[in-house]
Every structure is written in C-alpha cells, then in structure tokens.
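Chain lettering (A, B, C and D) follows the sequence in which the chains are written, and residue indices restart at 1 in each chain.
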Amino acid sequence: MEFSAPVLNYTLLSPMLILLGGALIGVLVEAFMSKALRPITQLSVTLGTLVLALVQVWKVRNEQSVSAAMGSVVIDGPAVLLQASIIIISIISVLLIADTEHFTALAASLPGSDEERHALQTGNQVTEVYPLTLFAVAGMLLFPVSSDLITLFVALEMLSLPLYLMAGLSRRRRLASQESALKYFLLGAFSSAFFLFGAAFLYGYSASITFSGIRDAVVGGGGNDVFLLIGIAFLSVGLLFKVGAVPFHAWSPDVYQGAPTPVTAFMAAATKVAAFGAMLRIYYTSFANAQWSWTPMLTIIAIITMVFGSLVAIAQRDVKRMLAYSSIAHAGFLLTGVIALNKAGLEASLFYLFAYGITTVGAFAIVTLVRDSAGEVTDLNRWKGLGKRSPWVATAFAGFLLSFAGIPLTSGFIGKFSIFSAAYESGARSVVIAGVLSSAIAAFFYIRVIVLMFFTDPVEDGTSVEIPSSLTSITVIFSLIVTIALGVFPAPILNFISNLATFIR
Amino acid sequence: MTTSNSLVYLIALPLLGATILLLAGRRADKWGHILGTLMSGSSFAVGLYQLSQMLGRSNTARPVEQKLFEWISVGSFKVDAGLLLDQLSICFVLLITGVGTLIHIYSISYMSHDHDRRRFFAYLNLFIAAMLLLVLGNSYLNLYVGWEGVGLASYLLIGFWNQKPAYATASKKAFVMNRVGDMGLSFAIMIAFATVGTVSFAGIKEHAHHTSTAALTAMGIMLLVAATGKSAQFPLQAWLGDAMAGPTPVSALIHAATMVTAGVYLITRSNFIFDAAPTAQLLVVIVGAITLLFGALIGTAKDDIKKALAASTMSQIGYMILGAGLGPVGYAFAIMHLLTHGFFKAGMFLGAGSVMHGMNDEVNMRKYGALRKFMPITFVTFGLGYLAILGVPPFAGFYSKDMIIETAFNAGGIKGILLGSVTLLGAGITAFYMTRVMILTFTGKARWDEEAHPHESPLLMWLPMAILAIGSVSSGYLLSRGDALVNWLSPLFEHHGEHEELLAPIVVSALALGMVAIGVAIAFLKYSRQEVASVAPENVSVFTKIAREDLMQDRFNEAVFMRPGQQLTQVLVKTDEAVIDGAVRGVGKLAMGSSSLLRGVQSGFVRSYAALIFVGAALLIAAIWVVVQ
Amino acid sequence: MDAANYLYLSVLLFTIGAVGVVVRRNAIVVFMCVELMLNAANLAFVTFSRINGDLNGQVVAFFTMVVAACEVVVGLAIIVTIYRSRRSASVDDASLLKR
Amino acid sequence: MNSLILLMLLPIIGSIAVAVTPKTKEVLTKQVALGTTVVVALATIAMAVNFQRDNVELQFVEKYSWIPTFGINFAVGIDGLALVLILMSTILAPIVVLAGWNEAHGGRWSVKTFYILILVLETMMIGVFVATDVFLFYVIFEAMLIPVYFLIGGYGSGERSAAAVKFLIYSLFGGLLMLASIIALYVMSGAQGGHTFDLQALSQLQMSSTTQNFLFLGFFIAFAIKAPLWPLHTWLPDAAASATPGTSVLLLGVLDKVGTFGMIRYCLTLFPEASKTFTPLIMVLAVISIVYGAILAIGQKDLKRLIAFTSISHFGFITMGIFAMTSQGHSGATLYMFNHGFSTAALFIVGGWMIARRGSSTIADFGGLQRVTPVMAWSFFLAGMSSLALPGLSSFVSEFLVLVGTFTRYPVHAVIATFGIVLAALYILIPVQKALHGPTTPGNEGLSDLNLREKIAIAPVIAIIIALGFYPSPLLNVINPASAHVIAQMGFTDPAPTNGDK
C-alpha cells in the first residue's frame, strides 16, 4: 500500500496554526527570556497572535470547505462566527490575565513557602499562563470545527488540559485554587472518558468516525439503535459536562470560585462558546435525524438546568459562585437553542453565545476590581454600598447583571428573545415556559445584588475598589458597549450572523 | 318651548359671589358679606323678573328653557347643560333666593363677631347656586349636580365651626348619609337610561306611558331613597338633628326652608313616574307618615331649642312627602305646605337664633324662660310662626296642612282613614311640642345662668324675622285664594278624576283644630302649671328617654352599620397584609428555602460530584432502555 | 469467537472504572480508574473496528493513548502539588469549596 | 411639530442638558428639567391641536426598520386613546417637577441623577403609549421599570429599597408572562405570512381559542399587575408609601395607566374572543377592586397608603368600564384614566407637601390644618372631592359614564360598584376631618402655607379638575371615536333602551 501525503488547506487552518505557533513561542520565551522582559513580551506575543488569528478568521469568513484537513475539519459560516467569538472573548480575557496580581509567582512552589515569597520579592513571576491560554484557545477553535470523532476528542482535551492547570494558578487562597484544579481535572477526565466511550459506540453504530458518515448512517437507519443511543447519550455527557448542564454541572461553582478570576472569566465565556459550538454542529448535522431519541432527553435536562441554576443562585453569598450558578442557568437557556434544531435556533444560539460571553467577561472583570488588602473581595455582603463608593464600577456591573437578567435594551434580552422564539417555533413550548419562569426567578437575585450595591449603606471594612488598570478598563468598557449596543441596535450583527449561519456537511 | 338666555344668571350670580369670596380670601373680609348678600339679592331679582315674564304668558307656554352647552355626549347618552324654569321651579327659585336673601341679611349681623364671616357668606352663596341648579336642571343628571352641590354646601356649613370635633363629625355624618341617598338617585338615573334611553325630565315623561310599571316602580323607589336622604326622612333621618351644629342661619335656610325640601321637589318633579308606579307611591306615603310621627315624637322630648325645631322640620316634611305621595291631588298641597313651612319654620329658626344671640348661645330651653319681656319682637315673630305651624286659622299652616290632612282622608278606603288619622295625630303632637317650646322659652320665670343678660337683637336681625312672620301669616291665604297655587301648577300634573270626599273640609278642619287644642292643653298643664326644672329630670318614663335618644336612631345605625363596618375594615386590612401579601411573600420565601435546600447538593466532595455524573449517565441509559423497548 | 463478548468486557471495564472513581478516595487511584475507563473505550473502539472491518477504530485507540499520556502528565502535576501542600492525596480532604 | 419620535427625543435631549449642568448649580439643573418638561407639554398640546378627531385610524404614523431580522420596526402612531394619555403624562410631568422642587434632596444620589431619571422616564412614558409595534411596546414597558425602580429606591423614604424590589419583581414577573405570549404571537405571525410585530397585522392572526386564551392571560396578567387589579395589588401601597410624592404621581398617574391602556390596546385588539371569554371573571375582579380598595383605604392610617388604595378602587372602575363593552363604559374608562391622573396627582402633591411640612405621613399627626394653612387645606379638600367624584368635578363625569355604561349590560356589577361612592365619601372625609378639621394638633401651629411655587404647581391641576367637570366635551370628542371603533371591532353594540321589556 502506498502512502499519500495529507492535503491540508493552510489558509483555512491558519487561525489554529497561528495560535499553536504563538503558544510555542510563548513556551520558548518562558524558557529563555530574562524575567524582567518576560511579562510584557508574553503579553504582546499572546495579543499579537490572537489578533493575527482574528484577522485570518475574518479573511476566510466567506470560505466553505469540508476538506480543509482531509475531512477532519470543516470551515463554514458557523465555524467562522464561533472562532471569531472565541478569539474576541480571549483577547479581552487576556487583558485581564495581564494583571499578574492574580497569579502565583511560582505555581510549583508550596503555598506560603519561602520559595514562593522569594520568587515574589525578586519579581521572578513565571508567566506560563499565557502559552497555556493560547493552547486552550487553539483547542477551543478546533473543537467546534472538527468534523470527526478523533479530532473532536483531541480538541476537547486540548482545550481542557491547559484550563485544568490555569485553574490552579491563583496567588491568593492557593489551597482552594489547587483544589479547584484537582476537581476540574478529575471530573473533566471522568467526563471525557464517557465522551470517548460514547464516541466508540457511535463508531460502532455507523462504521464511520466522521460526522457525515454518522449522519448518513442515521439517515439510512438500519444500524443498531442501541449503539446509536448509547453513543449519543455518553457523547452528550461529555459535552453537557463542558457546558455545565445539570446534573453534570457540579464542578463549575467550585472551579469558578477557586480559579483566578481572569481565568474564570476566560473559561466561563470561551469554553461555553466552544462547547456549545461543537454541540450545535454535531446535533444539527449528525444527530439531526435522530431527533426523536435525544430531544426529550435534552428538553428535560434544559429545564432542570435553568430552574436549578436560577434557584440555587438565590441563596449564594459569594459573587463568583453566584455568577457560576447564573452561568448554569444560561447553559439551560442555550440548550433550548440546540433543541430548537432550526436555522433560527442556530442563529439565536450564535448570537446568544457571543453576547453572553462578552457580558460574562465584563462581569468578572468588575469582580477583579473589588479588593481589600488581602486581594479580591467576593463576599457579597462586603459589596454593600459599592454604588456609593465607586458609582461607575457599580453601574457597569448593574448593566451586566441586567443583561444577564434579560432586561430589554441589553444584549441579554435580544438573545433570550431570539432563542426562546426559535425554540417555540420548533414546538418546544415547555422549555420556553420553563425558561420564562426561571428568568423570573433569576431576576430576583440579579436585582438583589443591585440593591446591595445601590440601596444599602457601605460597611467600613477596608473593601475598596482598585483603580482599574488601563487594560482592565478596556475590557470593561468594551464589554459594556457591546452589551448595550447589541441590545439597542442588534440589527447589523444579526444580519451578519443570519447570512453565515448554515452548517455545511 | 320658550327659551330664555337669562336663566343662567340665577345660578351664575351667587356662584360668582362664592368664587370671588373664596379666592379673594382675607382681602375680602371687609366687604365679603355685602357682596354675598347682593349676589343673592340680585338672583332674587332675576327670579322676580322671570316670574313677571311667566305671568305674561299663557298657561301652557309658561315653562322656559335655556340650553347652555352639550355637557356629556357618548353614544346615545346625551346630556346637555340645560335649565328649565316652569311653574314648579319658579316657586322654589323665589323661595330659595327670597328667604335666602333675608337670611344673608340676618347673618350679616348674626355672624358679625365671627372673623370667618366672609367664608360663611361664600358658603351661603355656594349653597344658593347649587340649590338653584337643583331646581332648574332640566334632567336628572343636572339635578344630580345641584343635589350633591347642596350636599357639599351643607357639609361645609354644618362644619363651619369644625374646630369642634363634634361639629366636624356631624358634618361628615350628614354628607355620608346624604351620599347613601344620592346612590338612590344614581340608580334611578341608570335605570332611566337603560330602560328609557334618556335622563331628561321631558324625555322620560314622554316615554313614561310605554315603559313597564316594573321599571318605573324601580325608578320611583330609588328616587324615594334619594328623597329620604336629602329630606331627612325615615330611615335616613338621623343626620338632621346633628346638622344643627351649623350656625343658626344655616339651620334656618338649609335645614328648614330649602335644602331639606329638595326631596319633595324631586318627587313632585317626577310625578310622571310616580303616577305610573302605585307601589312606589304607596311607599312614599308610608315613609311620609312614619316620619311625621317620628319627628313629632322626637320633638316632644328635646330641650335643645334648635333640635326641637329640627325634629319638627322632619315631621313637617313628612307631611309634604305624604302629600306628594298622594298623587296629582297631593302635589300642589305638598308644594304649598313646603312654601308656607319655608316661611314660618325659617322665621322660627331665626327667632331661635335671635334668642341664642341674646342668651350668649345657650340652646337649652330649660335655661330660658320669661324672655318675652326682653325680646318682644322675637317673641311676636316667633309666636306668629308658632300659630302658623299649629294651623290656626287664618295663619299659613291652616291652609296648607289641613289640605294635606284632608287629601289624606280622601285617599280612599282604609288607607285614607289610616293616613288621615296619622296626620291628625301628628298635628296634635306638633301642637304639644311647639307649645312646649313657646312656654319654656318665652313664658314662666327666668331660669338663666348668671352671666346671661338677654336683649333684643339688632335691626338687621329682626327685620328678616318680621318679613318672614308676615309671610307665615299671609302666605297660606294668598296661595290658596281661589286655588291660586293649584291652578298655577296644574298644567304640570296629569289630573285624573277627583276623589270622592270622605269628610267635608270643614269637618277635617274641626278635627284638626280639636287635636291641636288637646295638644296645646296638655302642654299647658305639663309646663305652665308646674315648675320647670332647669336641668332635665332623670326620673322620666322610658318613652321620654327613648324620645330624647331620638328614638334610638343613632344607636341603631351604629349597631347595624358603623361597628360591623369598622370591624370588616379592620379584618380586611389584616387579611390584605397577612393573606394576599402573605401569599406573595410566601412565594419569595419558598424560592429562598428551596434554594438553600438545593445548595446541599453541592457537598464539595469530588466523589459525590462524580457520583452525580455517574447517576446522570445511568439515568440517560435507563431512558434509552425505555425508548428502545 | 463472537466479538460481542469484547464489547461486554469493555462495558464491564468501563463500569468498574466509573464505580472506582466514585468509591475510591486516593486521588491517584481515582485517576487510574479514569484511565481504566479510557482503555475500556479503546477496547470498544478496537472491537468495533474489527466488527466494521476498517482501521479507523484502531487509529483512534492510538490517539487516545497519546492523549491519555498527556492527561497523566497534567493530572499527576496537579495531584502532586496538592499532595505537597496538603500532605494527603485523599480527594475528600479537598473540600474547601462547597455549597 | 408633528413627529412623535421627535417628541420622544425632547426629554432625552433635556436629560443630556441636565447631565452637563455643573453639579454645584442645582437650581440650574432643576430649571433645565422644568423647562424641558414644559416644552414637551406644549409640543404635545400643539400635536393635540392638529389631531383629527373623527379619524379613527392611527395618526402621526412613523415607521423605521429597527431589527429587520425579526421584522421589528420602530413604529409609532396615536389614536384618541393614546393622545389623551400622552397629554395627561406630559402635562403632569412639569407639574411634578415644579411641585417636587426639593424632593431630590433626601435621595441617595445627586439632584442631577434624579432629574435625568425623571426625563428618561418621560420619554418612555410617551413611547409606551405611541408604540404600534408590539416588540417596541414591550421593550419600553419593561425598560421603564428601571428608572422608576431607582427613583423609588434612591429617593424614596422608609422601606424604600424593599418596596422598590417588590415593585420590580412583581412587574418583571408579569412582563415575562407577556414576553411568552409575544413570542407565541411572533412565531404564529411567521407561520402565517412573515414574521412581524405590527399590531394591525397581529390582530389578523388566526389562532385556536385555547391558544388565544393563554396568550390573552399572558398579556392580561401583566396589565392587571400594572393596573393594579385585585388580588395583584399588594405592591402598590408599599411602592406609593415609600416613593417621593412626585414619583408616586408618575407611578399611579401614568405608569399604572399603561395597564389599563394595554388592556384596551392589546388585550381587546389582539384577542377579542378571549377577552369575551374572560370578561365575566374580569368584571368580578374589577368590582372587588372597587369595593375592596375603598374599604382598605378607609382602614389606612398612613396618608400615602390611603391614596394608593383609593387608586386601586379607581382602577377597578376603569377596568370595569373597559370590559363593559359599551361606548359609555369605554369612553368613561378612558376619560377616567385622564381624570384619575390629575385627581391622584393633586392628592399626592398636596399630601406630599403636608407630609413634608409635618415630617410624618400618619394621618393622626395632622389636625386643624384648615385654620393653620387654609390654601393647602383647600387644595387637599378639592383633590379629595374630585377623588370621591363630586358632581361638577372631572372625575364625576367619567365615573358616572362608567357606571351608566356598565349598568346597561351588567346591572348587578354596576349596582355593587355604586356602593363604592358611599365608601368614597368615607375614605375621603375621614382623613379630611382628621387632618384639616378639629382643633389644631400641638406642633402644627407653625406650619407654613403654600408658597408661590407650590400655588403655581397646583393651580393648573385644580383648574383642569374643575374645568373638565363642567366641560368634558373637548376630551370626549377625541375619545368617543376611538372607543366606538374598539367596541365595533369587538362586534358589540350598545344595548338599546328596553323600556323595561314592555
């Protein structure tokens, strides 16, 4: 048998390749650059790579190809939109990560050890977080565009492994941070085992590992349905874990709380986009015709997820945990987009993912600003009277919360409206009702925070608000502008999306 | 129908007066009373002018209309702001403005010491305007405006000294009980619109004959309810006694001469309804009969001179209502008694006021006595009024009241006999308590407090009294000479055949005078022969006690309406807080509770999280199993 | 011999692995159970590859091994740090973050 | 000037102007705000003049594409109903600003913020009435909660934040139900020829009666909460009790009208059948509101809460008039909305002054004010009289129209409702007696009477109350065609005189 070299369309793959390249450069910088120049170099390399990748994505926005990498990667409208969203979110998250204050000087050192203190004093701040970020981003870009099971699995691990590590890098409360890393890692590995097992059965069912092959098998029928169903079920476990849907959500509150806030922002926003992107692709293309088998399952999960997320968030006392639960609720709302299984649903989901991602980063960016001598203050009771102490920060945060709550004139409302109407159009009434009701519950705790910030008097306990670094302020302002703009005048972006949003097979 | 542009001035002038006086505030203190009196007087002049015009026209062409503007017009519900002056309303116009003006003059002096006199005159003008609107409106809705307008004026005047809590309460009581009556009026209007499709007098009169008796009866009863409210008739009579809290001129004008007679006007005005609704008419008669005894009985026990007079007013209006209830034959006599009563009762109230004025506002007759020497004019004028109300010929009451008694007898059958005897009995009791008032006040020996030094009132006060006295002497004769009033009003009422006479007029008069004589005699024996205690004796018959208590009317209302109402309110306030709002807060608590409950799932142990995932996956498989099977 | 048996075996291994994750306390062991699950998946792949008569399944198996190796690196790194700072590899001790 | 969108922009421009005024010059800030509101009022009146009464079609129509993807337009236009309500809102606004000249000072934030919120709110108040695109309506309907929320929570008194939250949650809940209905409409419109939110187009949709009932409820509950209809009323007393008088005026006078306005504009237009189905239930609720609100008003000890409960009773009348489906009831209800705006405004404004002077809102703390501060006392008395619908004052006309209009179709309801007028006498006269009459309570001797600014503020309100009592035609002529149109669309005709079935 003769060996034929693989044909790769480098233009279409360039965004991912660029990122991987940037990541490798990052590693080298980490190894050989003098510690003084390291942080700034890393930052510029990372930003540069991301921007370059974004440019590339923009270049190929109208390309469509299933054979970008021997049929393992498909580039189409949704792919471009998802990749663009991920990169934009990553850029503004990196602006947060740039604030080294959040990261331990020496991850390998013992918490509170001399070694660590020394590294801190000598300013010997290791900056491995940048290359890790880039690797993760690369994985995230690959995840939603992969079109066979191998690539999907590899991409999954590629985006997960760096995140596991990044979760453990916090400078303050390192034990908690490491714990979150451990939890994230063990559960992540656990779920990816399910994922892989499911993949195996899909392969067994369809005798093919490409999505199109699976699709043909599903359309043709004839295969062993049990294999198909087990396949779908276990694959879903892996995906639902990543998006944080009940009952596979348990990791997210702990990890969100434990991880360094910039990392939380990054993974809360970007991971959701990537995971939902992959989910949408595989459900809309491969499983579309097996709707009967998975719609009920997803419907139930979606309902449980949104209700659970909204309910539990009410009783939270820690702002990061509260946002975690709110993101669980939003995962539920996003699932309705998958259930919808129509073009409207796809467009809505893409819009929602982008809008939600940006808002999330913005919200966490605010969280990084509220600090006292011992670092960030995430206890809500100490956020009292924030509106008095620093009205603008509080106002921005209120804006993000209102968007989460889906109040009109914010991106959150447009997103909710479009995704619910798409779901309703596909006849998934129960989900819409549940969505509306849980939105009502959710509104309750978003408003509670606003009350805390504006209508209660500050407690004098040294909680102060950091004057935001220029980078952080860029993130906040950008996110806020996008959040409002997408709420007031979403027409352009919606048009852009609806022109591109069609999966090719 | 003849139209005129000047009707509106009747109302506009006093209204203007009121507005100016209220807006000008203290600035007007110097000339306010003058302006008020002038406005009322000029309105009276306009009335006279209208009368002269009216006399100049033929019997049928007398009514005058003026359409001001389209007030409310929605779909078929069209009401113009229109005025109607016909033979009926002109009587009232002249009574209101005439007596009104006299009382304005009286008040100038009576209120001269009150530094809020201007405000008082503003209210008086307001009242005149509202009352004129009441009698001039050409539809029930316009009448309604005046109807509540006088209610407001009366509220303001009763509460004129509302710094005294009791007085404030009295005014509130009056307004609320009137509102209950007003409700009846609104019901009547609604029924009218729903059944007849219009609310104007003319329109309803036109359709009355092809409208079902049921509907008309309903309307009639509702109108009666309204009348009982405004005219202090049973069962809505309780407010009148307390209304005496107002300055005496108010009692004279509003609670004797004019406003309280509005009920009689309403019923006579609605003759086309009542004539077609016998049941309603019967009720009217019954109410009248009950009230005339009710009032009379209360009158016998009152030591407060004003309350005694108020009770008598109640009872006299009972006569009028009864008369009006007797149908076409009765209307004219009701109105006649209304007019004559307007004179003598107003006169007597002013007399009472004059007495109080002399006795530094003492109202307890047991603290009076022997005043005829000190205030002769008051004594004479009051006395004339007294003779008039007793119905002694040839004084006014003789003509008007006997007519009603006579008509009552002629009502026919058992009904006639009953009514007749009731009215006779009433006449007797009236004689008793009025005589009692006379004796206690003017005769016997003085029982005054030390600081009292009675004196005759100044000209401005006794002049109106004198004029009214003349009225109480002559009005009856003038109005009944050649059935003047009856013929004057006859075009308005549909006459069916005369009733057969049960008793000859002369007999009736004889009986009546007999009763009166008995009443007077008893009074003399009881109060003139023996000493009168200056404090009301406690060891009196239970009947007297009850009478003093206004026949328990207030206790009844309190027990049946007020207290249950207050309790209901309290209960509802609590329920709203506890149940309805409680439910709302409950939802919140529920969410909070379930939230803290569900948090438990997040144990913090990695293995339990893994277990969660495992179970989740297992459930999915189970689901699949179900699907496949 | 019937290939289905290999499938049963893989399912059995997978379940053992999953249960192990839930019941064992030592992080290392837990992690090994995960590896067991991955290999169960591999077995399934290879079996199916055999049933379907193509090589894809076996290719996947190789990929999986590589990925698993990476996972081991990261995993052990994390576990070791935790162990160093806590002097315990029991996953139950790591429960600061909860509720 | 005949552009509704320009009208909506004016307050926004004003708010920007306010924003740029220096923080130190509070008076300037207030003057700018006042000036803006006055201009808006004049502009509205100018439009009202150019309004063609007998044309039942929407007028001053403007339409710009907003979110074409969902077929959403920024479409505005008004009929008689909307015109009346805009007039009310924009006339009330300057009065509120002038009357509450010093309201902003007790607040958590600057005076500027207060007036910015007020002006933004005014824009939304106009917008919510002029929107002819359901989506646009919903957006404003929800968005206008936010400024009110901050006005109550930031500048109110007492349990202000709790009250604000209660208000917001209540309203959001209703709003979300409405959102579900709107989504359903949108989807159906897509199925029946093109996604759209155009009110006219949506009213043509074919749907099964069950669907219609559910969607109707979605809308109605939202409006019933706003209105507020028993038993969804409990947020109102709290909100009104904690808000500043000015805010309360806008809240009860204008925002709550959105509820009753919505019932006419959306419930009846979009779901005629369902409206008919639910009419019996709604009529009962309305009657309950009337009596219940009145009785609870009688039981209140706090002046603001009392006024709030009277409004619940009044909204009962409005709702009853709307669903009586007679031209009298309907026009009456619309007129009632306008009149209630002003009588409640008068009560709250004067009540607010009394409270501000006395430093307490407990009725028992007042007493004898008529002698101490005659002008203020008279203003309050007149306001009360119009609230109990004294003939000759504006509210009488509307209340009586509602009663008559209801009686012709629902006599029993009308009769029970009429008992409300006796209760009204009680709930007004009791506070009048306690606060204005009787001996002057110690501590009140020194209270100052209304100053010129306050007189200027209250004068127009009282003038309107009296003028419309005697001459309501100008408004009725605008309202009648609109109401007749709705009644006709619903396929109703006024019951003819029965002559007692003879």
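Please note the rule applied: contacts are C-beta pairs under 8 Å (C-beta built on N, C-alpha and C of every residue); 3 or more make two chains touch, one makes a residue touch a chain.
Fair warning: this is a prediction, and the values are worked out from it, not measured in the lab.
Participant: When you check each chain against chain A and chain C, which touch both of them?
Facilitator: Touching chain A as well as chain C, we find B.
Participant: Quick check for you: compute each chain's CA centroid and the global CA centroid, then name the chain with the smallest gap between them.
Facilitator: D
Participant: Of the chain pairs B-D and B-C, which one is connected by the greater count of C-beta contacts?
Facilitator: If we tally the contacting C-beta pairs, B-D comes out ahead.
Participant: Can you give the whole-Å distance between the Cα centres of chain B and chain D?
Facilitator: Once rounded, the distance between the two centres reads 37 Å.
Participant: Between chain C and chain D, what is the gap in Å from one C-alpha centre to the other?
Facilitator: Centre-to-centre distance between chain C and chain D: 66 Å.
Participant: Let me have the rounded angstrom distance from the C-alpha centre of chain B over to the C-alpha centre of chain C, please.
Facilitator: Distance between chain centres: 97 Å.
Participant: How many angstrom lie between the centres of chain A and chain D, each centre taken as the mean Cα position?
Facilitator: Spacing between the chain centres: roughly 45 Å.
Participant: Which residues does chain C have that touch at least 2 chains other than itself?
Facilitator: Within chain C, residues 18, 21, 30, 91, 94-98 contact more than one other chain.
Participant: By the touch rule stated above, which residues of chain A touch at least two different other chains?
Facilitator: 182-183, 186, 190, 194, 253-254, 444
Participant: Quick check: what residues of chain B touch more than one other chain, meaning two or more?
Facilitator: Answer for chain B, listing residues that touch two or more other chains: 588, 599, 602, 604, 606, 610, 617.
Participant: Touching pairs of chains, which are they?
Facilitator: A-B, A-C, A-D, B-C, B-D
Participant: Can you list the residues on chain B that touch chain A in the complex?
Facilitator: 588, 591-592, 594-596, 598-599, 601-602, 604, 606, 608-610, 612-613, 615-617, 620-621, 623-624, 627-628
Participant: In the complex formed with chain A, which residues of chain D make contact?
Facilitator: Per the touch definition, chain D meets chain A at residues 65-70, 108-109, 138-140, 142-143, 145-146, 150, 153-154, 160-161, 164-165, 168-169, 172-173, 176-177, 179-180, 183-184, 186-187, 190.
Participant: Which of the residues in chain D end up touching chain B in this complex?
Facilitator: Where chain D meets chain B, its residues are 166, 169-170, 231, 233-235, 292, 295-296, 298-300, 326-328, 331-332, 368, 370-371, 374, 378, 385, 390-392, 396-397, 400-401, 403-405, 407-408, 411, 414-415, 418-419, 421-422, 425-426, 429-430, 433, 437-440, 470-473, 476, 480, 483-484, 494-502.
Participant: So in the complex, which bits of chain C are touching chain B?
Facilitator: 18-19, 21-25, 30, 91-92, 94-99
Participant: Can you list the residues on chain B that touch chain C in the complex?
Facilitator: 599-600, 602-607, 610-611, 614, 617
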